[in-house]
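The first chain written gets the first letter, and so on, giving A, B, C, D, E and F; residue counts start at 1 in each chain.
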Amino acid sequence: MFPTKKVQSLIGSVVQVEMKGDKHILEGKLESADEYMNLHLVETYEIADGVKSRSLGSVILRGNNIIMLCPVG
Amino acid sequence: MFPTKKVQSLIGSVVQVEMKGDKHILEGKLESADEYMNLHLVETYEIADGVKSRSLGSVILRGNNIIMLCPVG
Amino acid sequence: MFPTKKVQSLIGSVVQVEMKGDKHILEGKLESADEYMNLHLVETYEIADGVKSRSLGSVILRGNNIIMLCPVG
Amino acid sequence: MFPTKKVQSLIGSVVQVEMKGDKHILEGKLESADEYMNLHLVETYEIADGVKSRSLGSVILRGNNIIMLCPVG
Amino acid sequence: MFPTKKVQSLIGSVVQVEMKGDKHILEGKLESADEYMNLHLVETYEIADGVKSRSLGSVILRGNNIIMLCPVG
Amino acid sequence: MFPTKKVQSLIGSVVQVEMKGDKHILEGKLESADEYMNLHLVETYEIADGVKSRSLGSVILRGNNIIMLCPVG
């Protein structure tokens, strides 16, 4: 399964996403994703030192600034 | 709804946008957006430490330098 | 008006452009712009601490490295 | 063999990938790769000071944020 | 004249190019340029504190990592 | 000769490549290159303070993260 198809397969699941910038990690439910890996997450939290630190709700992430995406749990 | 469609659905609303660079956060009314997530914001403010710090008025943001976009309120 | 059309509408006006890198801000007259937001500015100055610090004359800016563009005045 | 074909030829093997950001190195089995060098790794570990430091399991990496990819062993 | 055409018009002239990274400035004769602003410079020098510091000869620069390009003299 | 053609002309030769990130310089024999300047190098070394510091063997480099490429010798 191609990487972008793998991302599609995670829609509806909780994912962790590491963005560019200072150790910027987000966790949320993947609502949608397109071929560029632009993502729409809901029930999103910022993760600091491994724990949820700040609630962000609904966020859109620009695909080219994603370093890494992992399924959670 | 695809991420870029979600962005389109926010036109006319106030959004917060985190740009690349040193914790560069902007808040403004989303006037227009294209498929690359290039954005035109009006009544834009720079946000520092969670509060509006500087009025910027009308600004155009380059999509590839957007880390994250959230609806406000 | 789409963001790139908004940029086109500023041709002939003075604009401020924030580039990637250490608070790199330029101000100049927008001579031309293309669909990627590559820009040609003339009578360009570097802005440091809010004031014109260095004259650069005619410069070409690569669109993908533009953080933000605002009309001036 | 073109670089992206070379990457394809490594599917099923263990690879090290250096991502943008602070010396961010990952090692895992290459499950899939596309023409943009988006990668899906499984049995992935973070590498710090040359040793495996943290198990990450299944991860998707965005191609444009890959600095370098090497086969391991 | 579009920005990339302006760059084409500088072929054969000496240009200064600021690249991403720590104030990385190069000066050389523009041998060729394509639509992505990939550049081939010859008789290239690194510029540090405004003076030529290191001779690099023939170099190829990746367009997306160019911040700014100016004609010299 | 266009910049990407110039890169093609270096296949089989030793090149130095400066990548994004902390003064990350590699030297190796250019095995292949595509239109995006993705590169496959063999017999690759990391260069630190101008000398070969670490042998990396066969590496693939993502084109968009290349700052500069020069022929060696």
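Rule of thumb we're sticking to: a residue touches a chain if its C-beta (ideal position, glycine included) is under 8 Å from a C-beta of that chain, and two chains touch if they have at least 3 such contacts.
The structure presented is a predicted model; accordingly, all values stated were derived computationally and were not measured.
**Student:** Identify the chains adjacent to both subunit D and subunit F in the sense defined at the top.
**Tutor:** none
**Student:** Minimal path length between subunit A and subunit C through chains that touch?
**Tutor:** Counted as steps through touching chains, the separation is 2.
**Student:** How far is the middle of subunit A from the middle of subunit E, if each middle is the mean of its Cα atoms, in Å?
**Tutor:** Chain centres of subunit A and subunit E, defined by C-alpha means, are spaced 37 Å apart.
**Student:** Please tell me the distance, in whole Å, between the geometric centres of subunit A and subunit D computed from their C-alpha atoms.
**Tutor:** 19
**Student:** Could you tell me the distance, in whole angstrom, between the mean C-alpha positions of subunit A and subunit F?
**Tutor:** 32
**Student:** Can you pull out the residues of subunit D that are in contact with at least two other chains?
**Tutor:** 20, 64
**Student:** Please classify the inter-chain touch graph. Allowed labels: line, ring, star, complete, other.
**Tutor:** If you draw each chain as a dot and join those that touch, you get a single closed ring.
**Student:** Please report the chains around the ring in sequence, anchored at subunit C, with subunit E in second place.
**Tutor:** The ring, traversed starting at subunit C in the subunit E direction, is C, E, F, D, A, B.
**Student:** Going by the contact rule at the top, pick out the subunit B residues touching subunit A in the complex.
**Tutor:** Contact set of subunit B toward subunit A: 1-4, 6-7, 20, 23, 37, 63-64, 66-71.
**Student:** For the complex, which residues does subunit F have touching subunit D?
**Tutor:** On the subunit F side, the touching residues are 19-22, 24, 26, 31-34, 38-40, 56-62, 64-65.
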